[in-house]
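Before anything else, here is the set of structures, which you'll find just below.
Next, two complexes with chain A in common: one pairs it with chain B, the other with chain C.
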Partner chain A sequence: MKSLEEFVELFAEQFDETDASEITAATVFHDLDEWSSLIGLSVIAMVDEEFDVALKGDDVKNSVTVEDLYNRVIAKL
Partner chain B sequence: MVYLRLLEPEDYEITYKWRNNYNNQKMTCGPIRFISKEMERNWAQNHSLDNSYNIYLAICLIENDEMIGWYSINNIDHKNQKCECGGIVIGDRRYKDGMAYREAGDLAFQYIINELNMNRVTGSCLKEHILSRADMEASFWKLEGIERQAIFKNGTYHDICHYAILREEYLEHLHNGDYNNLTLRIAKAVKKLRKEQYLL
Partner chain C sequence: MAFVEFKNVRIAGISAGVPKFIASNLHPLEDDGISSEYTPEAFVETTGVLERRLSDKLTTSDLCYEAAEKLIADLGWDKSEIEALVFVSQTADYILPATACILQDRLGLSKECYAEDVALGCSGWVYGLSNVASLLTSGSIKKALLLCGDAKKRAIGPRDPLFGHAGTATAVEFVDGADGFKFHFGTDGSGYDAIITPDGGSRNQVSADSFKLEEIEGKQMHRMQTRMKGMDVFSFGISTAPKSVKKLAERYGFDYLDYDYFVFHQANMKMNNMIAKKLKLSPEKVPSCMYHFGNTSSASIPITIVTQLQEKCKQPTKFICCGFGVGLSWGTVAFTSDDNMIVSDLVEVEEPKGESKWV
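Moving on, here comes the complex of A and B:
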């Protein structure tokens, strides 16, 4: 199982313009300038590929921080 | 989460703000123009009176009726039973997470198929509009052609992709359950198209 740190790194890779150093487990990702439906869907694809977990849109919508989202992924394993 | 209604004349105040937001306009197939409030007022007024050939729908939240975007169905041809999905704009940044976009798109498509009784539905977008292309490709729309250097925007020419789906194709995929887990299908298509774009 991937750690929270690895998840944060994979999460940050979905952004084109946001520096990875700006993204931590505590980041409120909806507030990031680059956050968009495109990034959200890329995160869903990443989770499917790396964790074999099918996130729903509501999982992303209702998570506040990157760690919240990680916990939702882990709960679905 | 959302419902659709016909645009009302007073909606111009909010569409005016979205229309003059570059981020909302940069990925459309139309040119970027400065719009005055008077022009926007006339636009909303005109479209609030037409539900036959071009239908402009406000996307509103069920919980409080707040308008968060709009959707247009254009060039409705009742003889040949075809129309164009002219575009979808989620103007309110808080709802730019793809969910309202998907839900509004589904509602509009159901209306197009089940109420307007359209047989052929088309949609066009800039080649670099990944979300729009992923949505159509994941929903089994077929790419019928690419119009090269069709529009000049932001100092360069852009290609436009033209997609279409027939009623029989939609119903077959629906019958087969191919639209189950559509969000994940779109997500995978997004990833593929982003990778392709990155490699260009």
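Moving on, here comes the complex of A and C:
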């Protein structure tokens, strides 16, 4: 199973303009300038590939921090 | 496990009809509802839909009718021999009767005809094919038409620029000893509201409130229009479609990579690229027509074959086709076409002039 640190790294890879250093486990990702539903789709694709977990839109919408989302992924494993 | 195989059936031909009018997504029309989140350029880049065909007059059945007439002529079929017609659509002509009944008469088919509507969307061509194959496999009924598509909607309102209008015809016939079709099917009704038209059925009867505009995922729409939970559908598509292909290959003991073409429902480019990547398919094996026609619901698999594979189909070709979407519903079929399969030229349908002859 991938660690929170690995998840944060994979999460940050989905952004083009936001520097990876700006994204930590505690980042409120909906507040990032670059965040969009499109990045949300990339995150869902990453989670599908790396964890074989099918996230729902509500999992992404209702997560506040990157760590929240990681916990939702882990709960579905 | 919902696997099924029907032997002694072949696809005799495929055709597709679209309205003549082309709407560009780089220059949206007044009532095109592009989400406020995107510019037109970003929409085209993300969805892979540059343009699509539209008509405010032609219904799905009008397009299917023209496609069917073209195909019957190209095949040289005697209409009196066609004893089954299945119409797959979520934009039927009327709430009732079934559009398949209207098409039986309009196409001049015999009254000795099995006709039914199937209310499925993006998975519909694969389901419809299994319906007609099951009718034909015993050899009592020899020829059938499968008409699939979606076009003009039930209610006026801001249009979703992802979706294009198309109606297709697939001619299927009994041939003793033909290899037939292998299917896998699945359904997850817990996602029934992932793609839904909330009002106008009996659950929520149509009323004045049905037409009040609400903001849904950045777009203005009313309750007689189809709304979509984009992330849910994306997540469903990329996980379910590859699994369905793999399950079918495993069940029937073949290597799916030996197949020539993988024709997926044309959902949007991001989703389809991800599905192809997960199955490790080389891009030349995965034809696409969404750039010019958008997402055409149950028409998307046959219209992709018509517009992208007409030349290739002149020799025997191994196909895997997978439809997935509203329901949630999915289906995959594997078959080998023979070199006699007719793929008609795309039919561009003119809008009817004058008063409508229909009730």
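Methods note: the second predicted complex is superposed on the first by the 77 of 77 C-alpha atoms of A that agree within 3 Å, B and C clash if a C-alpha of one lies under 4 Å from a C-alpha of the other, contacts with A are read in each partner's own complex, and residues count from 1 in each chain.
Going forward, a contact is a pair of C-beta atoms (placed from the backbone, for glycine too) under 8 Å apart; a residue touches a chain by one contact, two chains touch by 3 or more.
Quick caveat, the model's predicted, so the values are computed rather than measured.
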Quick check on the superposed pair: does A:56 touch chain B, chain C, both, or neither? Answer first, second, both or neither. both
Determine, under the contact definition given at the top, whether A:66 touches first (chain B), second (chain C), both, or neither. neither
Is A:36 touching the first partner chain B, the second partner chain C, both, or neither of them? both
Let me test your reading of the model: by the given contact rule, A:48 touches which partner, first (chain B), second (chain C), both or neither? both
What part of chain A is shared between its chain B contacts and its chain C contacts? 36-38, 40-41, 44-45, 48-49, 54-58, 60-61
Which stretch or stretches of chain B touch chain A in the complex? 90, 96-99, 101-102, 130-131, 134, 181, 183-184, 186-188, 190-191, 194
Residue set of chain A touching chain B in the complex reads 30, 35-38, 40-42, 44-46, 48-49, 54-58, 60-61
Which bits of chain A are touching chain C when the two form their complex? 36-38, 40-41, 44-45, 48-49, 52, 54-58, 60-61
Residue positions on chain C within touch of chain A in the complex are 37, 46, 217-218, 229-232, 234-236, 238-239, 270, 274, 278
